[in-house]
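One structure is given below, encoded as structure tokens.
Letters A, B, C and D mark the chains in the order given here, with residues in each chain numbered from 1 onward.
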Amino acid sequence: MLTVEEIDAGYKDLQALWGISLAVNEGEIVALVGPNGAGKTTTLRVISGLLKPSAGCVLLRGRSLAKEPAHRIVELGISQVPEGGRIFTGLTVLENLELGAFGSNARKVKDQSLQWVFGIFSRLEERQRQRAGTLSGGERQMLAIGRALMSKPGLLLLDEPSFGLAPLLVEQIFQMITEINRQGVTILLVEQNVRAALELTQRAYVIENGRIVGQGSGEALLSFESVRSAYLGSS
Amino acid sequence: MTGKRIITLVLIIAVLALLAALPAVVSRDSIINMAVLVLLYVALASSWNILGGYTGQTNLGHAAFFGLGGLTTRLLWLSAGWSLFPSLLAGAGAATTLALIIGTPAFKLKGVYFAIGTLALGQVLNVTVGDMFPMITSLPVQQLVSYQLLPRYYLFVGLAVLTVGTAYVLVNSRLGLGMMAVREEEEAAESLGVSAFRHKLLALVVSAFLAGLTGGAFAFYHVGYYPQFLFSPVWTFDALMMAYIGGTGTIIGPIIGALFFVVAKELLALRLVEIHLTVFGTLFILVVLFLPGGFVQAWASIRRALVRQLGARGVRLASRRQAS
Amino acid sequence: MRSRISVLFVLVFVMSGLLTACGSPTAAPATQVPATQAPEPTDVPKPPTPAAIEIGASMPLTGKYGALGAMVKPGYEYAVADINAAGGIYVKEYDAKIPLRLTIYDDESDPTKAVSKLETLYSDQKVVAYLGGAGSDMHAATSAIAEKNGVPYCGVAFALWQIHQQGYRYLFSPFPKSPDQARDVYEILNGLPEGERPTKVAIFQEKTDWGIELGGLWKDNAATYGYEVVAYEEYAPRSEDFSGMILKAQAAGAQTLLAMPSPPDGLAMVKQMAELGWAPEFSLIIRAPENVTWGETLGTTGDYITIFPGWHNGEKFPGVAELNAAYQAQFGRPADLLTGPAYACVQIFADAIARAGTLDRAALRDAVAATDMMTVVGPVTFNADGTGNVLNPLIQWQSGKLELVWPPEQATADLLFPAPAFDKR
Amino acid sequence: MLGPIAQNLVFGIMVGGLYGLAAVGLSLVFGVTKFLNVAHGELLMLGGYAGFWIFTLWGVDPFLSLPLVVVCLVLIGLVLYKLLFARMVKLTEENKIKNTLLVGFGLSLVFQNMALRLWSADDRGITTAYSGQALTLFGVRFPVVRLASLAIAVVTLLLLDLFLHRTYTGKAIRATVQDWEAATLMGIDIHRVYLLSFVVGAAVAGIAGALVSVGYSIEPAMGLEWTLIALIVMVLGGLGSIVGTFVGGLVLGVTQSLTSYWIGGTYREIVALLIFLVVLVFRPQGLFGSKEG
């Protein structure tokens, strides 16, 4: 479904990604793991078009996204949940969700999508009239994911959905992610919580210093020595 | 001593020599007058740049310091009969005092709130001075008859040198590093033990002192004006434009900005009486569009491009040599 | 290295300070280029005749005084054109008629720019006389430059009297001043039958030097002429809202309004007077209603207001008709209020140059001081302080037109009094 | 005693409404785009001249011609955005403020001189047949022109508020104000949002200018003063709140009027500015601004 080929990218004079290649197949959950500053978020930004690569290309179902501006890529079916959620705190929960369905196609089926999202995150339905700024950390993350789902994406990019959440909540969020995937949404997940991520996913890529250094099935990687020592610590 | 530094030093000496010799080279008062204006704006824009450029606090009330310095100096020098240098110092002192008074409340404000807060503060002084001193201040006839431009010119030379020199010394000191750290990331600076407030206040005080001195020099230079005139927000905006168009946060930026601003505007005003402002406005927009970071940044990128090109050619030459 | 640069800065600063303090030793008047040679023995050949007599003006063509500058500028230009059409001015020193050359710069209503423009005129064009701009702040700055450079200066469009009391020798202004305006208004009102006079006076004083001067004189003179100031309100220039002042004047039962607002203030003031239903029987509003667009902008609301403008194109002096004709041809209306006085300034200089017989500035200054001539603003002589003895006409907006209503021998219409309520105009 | 004060209050509210309207346009543009367009006062001036021109050339009532004025300013806004401001979108916030300030400064010079050539430096204004009329209620006079101006200001404000809160585009604008990158991830084309806000800001400035030409007067050099007022009111109300900005304008207008009645006309500006500063010291985010933004 998504193919990333030999991407170089960076900010100003600082190159952050070096020849990144990865592929996500329809229906999969794929994780991208690695230490802080390895280039995980940058990779997602390239895929969603916020950052244009200096070399290489991103293909969605074989179609190049090189010339598409970020807001068009959403309409083409890639939706990103940015790190920290970045919900619109000054707007209500409902308004946040509505904005998720901003694209013209998504807007036509807005009410349907809303029911779908409320089905997954029932808490959001209860709080739909509230200002998003008043939500708790877990609710904010749910809203961020729900908002991304409103565009009816084929591919959902999740950037650190577990960040800053209590372990219990993390488990809950991951269950919901599995549920979303089960309902037919392909997922590319960036996580620092490597163990949780690898348990969840079929396949994973390991990124370090802007380069892909390993890949394999989740379980295989869990037993991958360098991954073990580097990210799972002594446990 | 690196080669680059020697070049800088030679350039500085050359500019200073030129400034010193200018009156001997040109005998026309109009040129000296224009030079006075350039130097005045060099001092004003450089003093603004200390707080606005290096410390990242956009002060839109700079005219208040300039005006207060001018007002105090003029009153002491002209009305109270003080001699010039004590009056100038008193003017700068008055501006500094104002800076100390307003510093604490002003730096509670961040970003655009600070900018507009200082703007309002400047306007308070502007209106108050207009109200309290509605009368013109003109030089008395005896002084007019014996008015000499050259001492005034040299005062402005000294002032511009002092301002630029202070800015240079300051930004190359530990304090200057702290100021720039505050500009880049206030919280990060705090976490490194850099007190944002103290650095901002220091920058404000130095900036106000120099602006006050500049105002005082203007008071010594100008034959007749209303005291309120020095408090007009236009002084602030002019200084800010010059720093911006030259390049904020650099020593040379405000100097180039002032030179461009004054000379271009003056020459246009003399040649195109009817449409000079339209032309200047358009020119200004074009400069901003094509050199978005100001002259200094544009020069830097041109140089980078040149170096890259030369470097590439160098490589090509080298490889050709190897091939042959 | 860094410290070396710092030391350099300090050194230069100290040196320049010394230069400033001692007055530069090289500060010999290299700039004092003599405009002409001193008179010489007759056997020496005459100095070469200059191609033109240079005169110059720095005036506000843009900025807040732009409207005033626009009225003054054509006055200078027509006068110069008329004199040159007659071949120029005969200067005895050269035994030749020399044309005038007028250089005009825009100072953007900014006194600093005005100063630099005058310095340019002095050092580049080497002008023998300055023509003034407009607006009292501008004159205050520029007349000081004239004094400094020793260049005769003729300025109109300012009634400020104080400026003439500083001992300036080169400043001349053939224009009515505050004391005239403060006296004449009561003289005119006392021409009305006793019992009909609007004796309760409200003064709206702008807090500027001229406002303070004129407002104070109006107040001081009131009692002498049998008037009572029932409301005296000060305001800062550029106030949008005058309702507070109007309400007080209205409550005090004022019948006469005396004010000197700038154009935007004057328009706002009169609009709000209409809205609040306060129509004084007599209004003297100097400055704002001089704007040529006053009648067009306010319609009937602007009627009945009187002004001391300094001049009016209905005056019956020689040259006025020709000036009006030229103005009509170019602008489609007779000459504006400030155009005549501006024209007169050039006439005065031309006359003085001819009498002085030289282009020497000091001699020219003495000749101007001795002026006694007829101009488009009537007979002009100067007092020792440089103020002119000139006619101070009163004009009134009547049906959207400016009519000259005083003095009677010049009048083009009668003074309309009392003014009716605004909705009855 | 109460009568004059009430009367004074009426005038204060009316002038405050204009301050508010002038600031609302600036606040919208700044909030969304972080463009600090210091030529805002000049846009106001152009709006004033547009109304004035339509009135003198065709005799169209200044209130009826407002839609035309809006069209003019929308066009001007479009051209300015496409020609100049669109190039600033990609800059960092700090550079955006800097560069737009510089461009705005250049523009203000150009517009001032254009106006000077087109309409001369004379002060102009619109006086209609009903200009001096006033409704009297409990002894207080309500000048019809000012009443209508205030009504238009309020309606403009309410429409703007409805637009921002009830329409999809409006919500997209508000989302962009908060986090333009997250907004992009929603599929919002921020270029269009910027363009729209800029144009709407220009249109609101135009309306304010036309109302100024009816109630007061206009001249080519009026821009700076109105830009300063708009900046101060924008911050007084607090960024990010349209209604707050408008209320900030009312507060300023009323303070000025009451000051000039009670303390004296010379102090109206000083007192208002001091109150503004005091507000800032105690509420550094303005009257209605939230710290969250």
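Convention: a contact is a pair of C-beta atoms (placed from the backbone, for glycine too) under 8 Å apart; a residue touches a chain by one contact, two chains touch by 3 or more.
Everything numeric in this text was worked out from a predicted model, so none of it was measured.
Colleague: By that same contact rule, can you tell me which chains touch chain C and chain D alike?
Modeller: A chain counts here if it touches both chain C and chain D, which gives B.
Colleague: Over the chains that touch one another, what is the least number of steps taking chain A to chain C?
Modeller: The least step count works out to 2.
Colleague: Once every inter-chain C-beta contact is counted, which two chains account for the most?
Modeller: B-C
Colleague: Between chain B and chain D, what is the separation of their C-alpha centroids in Å?
Modeller: 31
Colleague: Quick check: how many Å separate the C-alpha centres of chain B and chain C?
Modeller: The mean C-alpha positions of chain B and chain C differ by 35 Å.
Colleague: What whole-Å value do you get for the distance between chain A and chain B if each is reduced to the mean of its CA atoms?
Modeller: It comes to 49 Å between the two C-alpha centres.
Colleague: Between chain A and chain D, tell me the centre distance in angstrom, where each centre is the average of that chain's C-alpha atoms.
Modeller: Using C-alpha averages as centres, the distance is 42 Å.
Colleague: Name the residues of chain C that each touch 2 or more other chains.
Modeller: Only 61-62, 207, 236 qualify.
Colleague: Enumerate the residues of chain D that touch no fewer than two other chains.
Modeller: 112-113, 266, 269
Colleague: Give me the residue numbers in chain A that touch at least two other chains, ranges are fine.
Modeller: none
Colleague: Chain pairs that touch, all of them, please.
Modeller: Result of the pairwise touch check is A-D, B-C, B-D, C-D.
Colleague: Which residues, counting only chain D, touch chain A once they are in their complex?
Modeller: Contact set of chain D toward chain A: 168, 171-172, 174-175, 177-179, 181-190, 240, 290, 292-293.
Colleague: Touching chain B in the complex: which residues of chain C?
Modeller: For this pair, the touching residues of chain C are 1-2, 4-6, 8-10, 12-17, 19-24, 26-27, 30-31, 33, 61-62, 104-106, 108, 110-113, 115-117, 119-120, 122-124, 137, 140-141, 143-145, 147-148, 150, 162-163, 166-169, 207-209, 211-212, 236-237.
Colleague: Could you pull out which chain D residues touch chain B in their complex?
Modeller: Residues 30, 36, 38, 84, 87-88, 91, 94-95, 97-99, 101-103, 105-110, 112-114, 117, 224, 228, 231-232, 234-235, 239, 266-267, 269-270, 273-274, 276-277, 280-281, 284-286.
Colleague: Considering the complex alone, what residue numbers of chain A touch chain D?
Modeller: 48, 50, 69-72, 74-75, 79-80, 82, 86-91, 95, 98-100, 102-103, 106-107, 133, 147-148, 151
Colleague: Quick one: which bits of chain D touch chain C in the complex? Just the residue numbers, please.
Modeller: Counting only chain D, the residues touching chain C are 4, 7-8, 10-12, 15, 56, 112-113, 116, 120-127, 131-134, 141, 143, 145-146, 215-217, 219-222, 225, 253, 256-257, 260-261, 264-266, 268-269.
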